[in-house]
Structure formats: C-alpha cells, structure tokens
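For reference, chains read A, B, C and D in written order, and residue numbers begin at 1 within each chain.
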C-alpha cells in the first residue's frame, strides 16, 4: 500500500487538550487508511516559520487514531510541544490547513506473524510514545488479539493521550495498567517495572512486546526482552528531514555495522535489529533519563 | 521630542477594511504624540516570517491618525497589502501585539514657518500616500490653518482611507476634492490635474504644497510646484531596514551630490532638496506609471 | 500539423549538452532517492516524475556507510547536513541501483566522487560505459589525497582533474562546484578549460551549529553543509559570476522553493535549475517549480536563455 | 566588602585585549550609528547603552558618498546590503564624529579600511594617536590596489599588512576577517602572526538577488553582502575553525538575535559577540542579548571562556 505521491493539504477539524499534550484531527480526503506505527510528515500551510526562520522542515508525527470522515479518513495526532514545530501544531485552529505526506514508514506486525502460536501482545508506552500504541491497541481489540497495555508517564502533565485507550463508555480499557513516576496514578515508578514483573511470569514467554517511548525506556524494554527471550518491536525516533528516504538524515546504527534509514526501514524495528546505542540514538531529542 | 529608546510591544485594538486597504489601531502606552509625516517601524510580535523566511525586517509605516487612549495614545495605520509584511498587518486581529519603534523621522512644517504670510496649505495625496496627510489635515483644521485637500486614486479598490478625511458627522470634509483614474469619484484623471488648475490660479502662490504618494506623482508635484515657484514638502519612501539611521539603506540622492538618509533626514523633504530622480528613487517599490 | 499543445511542449523543452529535457527542472544530487521514493509512493512517482532528468546521489569507488548520527539540524530558513555520502560503491551501484534508475522516465545523470585521479578515472570510465547513463556529474568538493587540497577549491587541481577525465568518456561531464571559495568563477573557468560540458552550483556552504541542550556541536561530524533558502542569495551571486566567466551551460541550485526563485536563477544565467532541500518539504516540489516557472512569464530576463518561457 | 551585586558585575565583566568591558556584547561595525541614534532616541541611548564597547562604521582615508540605491534587499532570514561605506573620511571623522562618539559611556573601537598599505598606515597612525580610541578594527575585505587581490582573502597579504601596521600603534589591532574564503583559519593565523591582538568574524557573505518585478539584480551595485540569521551556521563554523587555529581572542558575529545564539558563538570560541542586523529589528537588541546571555546559564560550554556565565 503506497502513500499518495506528494504532499496534500488537509483541514484541521478539531484540536483539544489532553493533559499537557494536544490531540488534533485532520480530514484527509485522499487518505489511505494508515497502519499502526506509521507516521506522516506534517507542516502547517500558513505560518510554518516563526520569527527566527524555524520551523523550516516538516515534522514526523505518528498517527494515534483514525476513523472514517465524510470523505476519506480522519487522522488524530497526539502532540507534545517541545519546540517551534510542535508548538505550532498545538495552536492549530479548526479550519486551518496542514500539509501532509504519508502514511510513511512500516507498521507493527501481528504477534502471530512472529510466532504462529503467540499467546498475545504486551504494549509498553511512555509519554508521547503512547501515540502509535493507541491505534495498535484498537486493532488488537477489534481482531480479538489478546493484549495487555502498560503505560507510563512522569506526572499528570505528561499523561496525555490516555483517553485514546478508553472504551466507548469513556472508561480506561480493563487491559491498561498505568505507572507514574510521581505516583499520582497506578504504580509509582517506571513502566518497565510493570513489564519486568510480567516477563518474570511464565505466560509472557510466547508473547510479543510492542513499545514506543523515550530512548532510555526503549533500551530498557529491549534489554529486558532480550534477557527473557521475548520478541519485541520498538517504534524509534530519529531526526527526519524528508520521511521518504531522500535525505539519509534519519540514520540509526545497526549492530552489525552501517545504518538503517529509519523513515523507510522503520520506524518499527525488531529489538534484535538494533543494538543498545541504536535504541538510544536519538537521545539528543528527548530527556536523557528514564522520565517519560 | 525623542522617541522612546528601543522597540516596545503594543496591543492591536481594531482592524477594519477601508476600500481595498486596511486601517488598524495600536494602543501605545508609552507613546509620545507623533507629528504628521512621522512613521514607525512595525513588526508583529508573533509570526513575523512566512514559510520562506520573509518578512524579516520591520516595515516603515506612516501614522495616519492618532487619538487619546486609556493609557498613552492610539495610533492608526493605513495599509495596502503589497507583500509579506503589509499582508501580515492586514490580517492582524484585536488582542495581537505589534513591536513598534518610533515615532521616527521629521514632520511636515507649518505653512507660516516657510512664508510668514503664507495663505495656507494644499495637500496632495495619492493612493496609500493619503495616510500622513490625514493627520496633517486634522491639525490644520484644529489650528485654523486654511487648506485644501486633493486626493487621487486609481479606482474604488485603491480609495482606502477616505474616511480619515471625514468630519465627525461622517461626511467628507468640504475642503477635500477627489480625482480617480476610472472616474468613479470626482475628476476623471490624475490628482495632479487638480493641482495644476489650482496652481494656475493666483491665490495659490503664497501657499505651501504638502504631498505624499507614488514616486511619479511626487515628481509631477515637485516639478509643477517648481514651475509655479510654490514651496512644497514631499513625504518620500525608500527601502528601510532600521528607521533610526543605523543601516544607511534608505539613501536618497541629493541634487548637489551625495545622499540623504531618508529615515533621519526625512521622510519629509522640501521639493528643492531633491532632484527629479530622488523623488522617484524608490520607483521599484511602487508602480512605475502615474497610477495611484 | 503540430497542435498548440505539442508546440507548447516543444518550446518548453530544453537542450542540455545534447540531452533533450522536457523542462528545465532537475533534482540536486543527494536530495532524492528515486528508488526509495518509488517504494514509498509506488508507480505514481514514475507517472508524474517531478524532474526532467534524475541526478543520482554521489557514488564513490568503495561502499560507504556514511557519518554517525546526528546528521541533520534545522537552521533559520535552511538546514545543515553531514550525511557523509553513504552509497553502495561503484560495483554495488552498477549492479543494484543502475537497473532500477534506468526505469525512470527521464535521462539519468550519475554523480561521482573520489579522492584521487585514478579512482575518479575508474568511476568515469565504468559509469560512462553504461548506456543507461546520459551524463556524469563530478562532485569535486573532495580532497585530492596526494596534494591534500580540496580539488574544487583550486582552479589548478580542477583543471588537472578534467584533463585526466575528459579523454575517458564521450558523455557530457558536469562539474559540481563548491561554494566555499573566494572566486568560484576561476574554478568554473578552469573546469571549462579542462573540457567540462557544464557546471552545476552551488554545493552546500561549510557550516555548523551547537545544540543548546549540550553546548556541543549539533552534528556528530562537528560541521556540515548548509542548504535551503538561507543560501539562495549566495548561490545567485556565484551563479552570476560563473556564468559571466564561462560559455558552458550552468545548472543553478541553492534554496530554490518555487517558480519565482527559479526565475531568479535563470536571470542569473542558469540553463537548468535543480531543486534540493525543498523536495524534503514537498516530494513533488520539482514538478511544482516547473509548473510555476512555466506560468511565471517573467517580465524580462536579464540573460538570454535557451528556453521559451511563454 | 563587595556586595553581591558588585560581585555579579565583576564576574560578568570581561577583559578584551586589556580593555575592561561590562559584558561581552558589542555592535558589529556599520550596523549602528550612535550619533544618529542619539538624535532619534535622545540621552536615553546613553543611559541604557546597549553595547559594552562601540565599534564605529568603517572609515576610509577620503570621504565617500556610498553606493547608489537600491542598497538593501530582504532575503530569507536575512538581508543583503551594498551600502558602499559612506563616511566623512579620516579628517571629517576626527573633527566631527570622534568628539561625539567620545561622549558614549563605553570604550570606542574605530573600524578603518584603505586600498593600500600607506593609506592604511595613515589611518592607523591618526586614529591610534587619539586617546578617545581604545582599539582599532582593520576591515580587510578590501582590494590592495597594487596587487589587485582582496587583502582578507590572502594570508600573505594579510600578514604583510599587519607587518606594516603593527609598529604604528600600541593600541589593540583587531582584524575583521572576510568569510568569502576557503580557509578563514589560515588568514586568521596570518593575522596573528603579523601581530593582531584579536580577530572579528564574520563579515557579510558575497550574495545577490533579483527583483521579481524587473528580472534585474535587486541592488544597484549588482551584488552585496548577506547578513542575519541565514548566515549564522556559516559564522559558527568559521569561528570554530579560527579559534582552533589561533590563540588571540575572537569577536564572533553573524546573525546573532538573542542570548541562545550568543551562547552558540561562545561555545564556538568567541570572547566577545557582536550584534549587527538584529539591531535593525530592535534598537536595544544588544542590551537584550547581553541580559539573555547572562541568564542563559548554558549547561556546558565547549570552549573555556574568560567570563563567568553564572
């Protein structure tokens, strides 16, 4: 399934707060249905550029949820304002237009593709990394794939996007367990504490772990899974200029030497395809400690 | 009277259409009262820079009207959208903020300063050049200086700012005469036709002409006045980066050689201080023919 | 009888060193991977190919992995890159990439770089021998390992390189100039003297930035090359100087984002224009620039150009 | 006992070639006319002077009217200028401007340029003899009329000029480098070798633009110099290279708009930073940059710097 060629302009239909993050929706008339893990390159049609000439390049953003629209599909994006690009997305108003290219990159695969007899999936998300897991979780629910969801965040401010994991009734789905560093919700500590407990139990061995979050968290997930011989797929981040293989800017080192282009070879990578440094290759773009 | 040192941020209180132009108002809490002919360097506080990195420098804009505000003064600016800077001003919304530096430059002088027995003033404005004449005219009215006002424009679209010449009752002041190229209002033709007729009459000799408009119009005014030996003050334009004498970009040739810095030596210049080319020095920034 | 449409097509077409191109907009080397783009966008890429010729990423004699990340950094109205020329090397390119690039609906220009004349010669001979290749671009922003000098910074090095390479192929040789010199026109004239068929400019400006979070250079390589609208005025001036000093055609590039920008480059003397960084913002930018250029109908062009903008 | 405030003042102060400055932010030559600014803003300018030293516009031996307009043109995140060094000439400067500049509350650095060593010598001797002058900046982006070469583009020309000028004054000599070279560090090293006390960089990049309305060069002079944020990455790289190659202090400039930008320049090796184009957007930019720099408390600075940012 290829992406429509070129960028296209989509209308903003909604922009709402979600804890300290924002969720905004675009109406993509042409859009193919994106798969969980895929992303788009986004830039606002107007005023993409502040007083100092940035943002200049488009920004890679994972699709967090999608649904039918009058024409085409609705795309929801979860945004944490960390710089001029995401700040601009945060202030988008309904009716404004956004240039999009995508859907880009590969997608998470089904547990059964990995193990014909996989018991199910464990989703581990941290901070803004919960975005691609929301779409993944809904698909698993709809297709009856057994799964558990572990979400971690630093504090209430950084707990945005939780409603993407809610049932129609608005309550957090029963399969979701939370961890927070400040203890305001769920386990006080890291989400990887929850994962460690689960992996220590017998039943997890034949599952597949799906994770997205800050690099140190991904590295903790990768090494936990490696120690327990559990397969894991990690949705990584790296600096991207183009998103379609043109710039070679998104390089992620491979354990055997050389580099992946994360935009076309990822963003979803099997744990054993990356080394410890790779899972943490974009450390500069995120907090360096385990905070989510 | 010097300008407050540095730029300051002022709130937009209003922005309304005026034919094809816009008039927007700023509340300047610190502001000294500007004098007619003076200008400000303006840049919006947010989003001063489109997708291609322009506008970058602030823009010189004449003050068109001013009045008391709760604190300080209200400043009205008349804008014709001709590029990224003026387009941005056109879309300003109440509550937004604008960086201003000023008031800058010199001002028109009183007719009596020139001729102790001057009979009065003739104001000749074209297109967006009507802006500084509006403030000048009100001052003359209030101080009882006899004056006539001749305003010219290409067509209805380019006839913005006329309401700045209205009495409290909203009717165009009796001393205003219009010319339009398409004949939709007043004399069909150039405003300089009206000026030529007046200057041909005896009573104008001891008056002073005040003019602002596109360079070819200013040049026509200058040469008409020279031919009739009538003193004239022209408010010129030139490309400006700073507005306070720092960049030397606003050079206007002097007939005796060398250059004026229009931002500090002008923008108001006596007709005999500039040569024919000087009045037309910023031709690149405006239409090259006599259209207003 | 030719239709109005055909006549429009033909007056819009441009001859570049004997290669007939449908319009004057090509890509800048290293800023478009047509093979990856086809994987992403499917055959729609070929049906609506944005460029009138495709310029490959620079290839080197041996495979290269490229630089360690971080490789890119955004700057005011531009970006830095220190990609480090990752490529499969000559053999890998000929075996794996060339057959795929030959499927593109436009002529192919292959960009090559080496750090010595013998290796450069090997590249030019091998690439020039392939009929899929319409022309070769020589990326001379590289050191000569013997002299230690950057070839493209020295007119004498440039001319000597051309003297060595010119006899090896009948295909057009395009010299890609580096902008990091006082007098690019002197280097261009030396290239012409040595038998270059065309020049292309500008390559990226040597530049760097610091990560505000660490106070360290933002790029792992320490520095990189600046591209995008920020460099456009530098490109236009170098192009003016180069086209005044040479008779051969020039491919102008550096921050071209739209048709109005392309008009400036043509006014400065370019025969073709290349779109680089702007493709990152808009994968179809080349086609858009071509369409905008076509409808720009500039009032006047300072330089005579071999294409009819009407 | 010194108060906390005084201690803060003193740790913030910086010694530059023996001149004590209250903070590390000065102006870039030719981007601030303190005399005109005082006419516009009154004595408020002096009470709150934005720079810790004032650098004059470049003066030449004889008066110059400057270039015909159009002299400036806006570009993406920057601007072009071709002002053409209008100034009153040495005599006019000493008689009319120097007494007024001496009233500024900060040390005065006078920028000078000439097209031959004897005229340069006349400027340095005459300006250096005035006690109002703390230091002299040599603008070497000028041709040597004898050799025809741009002095600042050649290490040998630069060193020869320094050899000629160094004996003529005991005042600090700052060499303002041109960025239009392949190897600015070589020119800086030559300047140091010739006895320069400091270098300053970058001057503007050679550049041009075309007026979309006419298809002609936008500036009457055909080309000009690019400044502003667009050039910042080029300035940072040249500064890194120059400060690695020399021991003398550097004044870094090129697109500095705020404290974060200034931190990058200090990380790249600058002792002082200069604000140029940004003053056009904000006449008090120098003071703002100084205040922001002071509160920036960068996590780490790559280069040791002679000022305490705490």
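By our rule, contacts are C-beta pairs under 8 Å (C-beta built on N, C-alpha and C of every residue); 3 or more make two chains touch, one makes a residue touch a chain.
Keep in mind it's a predicted model, so treat the numbers as computed, not measured.
Asks: Quick one: point me to the chain whose Cα centre is farthest from that of chain C.
Replies: B
Asks: With chain centres taken as the means of their Cα atoms, state the distance from chain A to chain D in Å.
Replies: Using C-alpha averages as centres, the distance is 48 Å.
Asks: For chain C and chain D, let me know how many angstrom lie between their CA-based centres, rounded off.
Replies: Here chain C and chain D have centroids separated by 35 Å.
Asks: Find the geometric centre of each of chain A and chain B from their Cα atoms only, then give the gap between the two centres in Å, rounded to an integer.
Replies: Distance between chain centres: 55 Å.
Asks: Please output the residue numbers of chain A that touch at least 2 other chains, ranges allowed.
Replies: 49, 52-53, 56
Asks: What positions in chain D touch 2 or more of the other chains?
Replies: 75-78, 213-214, 228-230
Asks: Draw the chains as points, connect those that touch, then say whether the picture is a line, ring, star, complete or other.
Replies: Shape = complete; every chain linked to every other.
Asks: Under the definition above, what is the set of chain D residues touching chain C in their complex?
Replies: 75-78, 80, 150, 153, 180-182, 205-210, 212-217, 222-223, 226, 228-234, 236-238, 240, 255, 260, 263-264, 267-268, 298-302
Asks: Which bits of chain A are touching chain C when the two form their complex?
Replies: Result: residues 2-7, 43, 49, 52-58, 99, 101, 104, 238-242, 244-253, 257-259, 261, 264, 281-282, 284 of chain A touch chain C.
Asks: Taking the touch rule as given, give the residues of chain A at its contact with chain D in the complex, in rising order.
Replies: Those in contact with chain D are residues 52-53.
Asks: Which residues, counting only chain D, touch chain A once they are in their complex?
Replies: 76-77, 229-230, 257-258
Asks: In the complex formed with chain B, which residues of chain A make contact?
Replies: The contact residues of chain A facing chain B are 46-53, 56.
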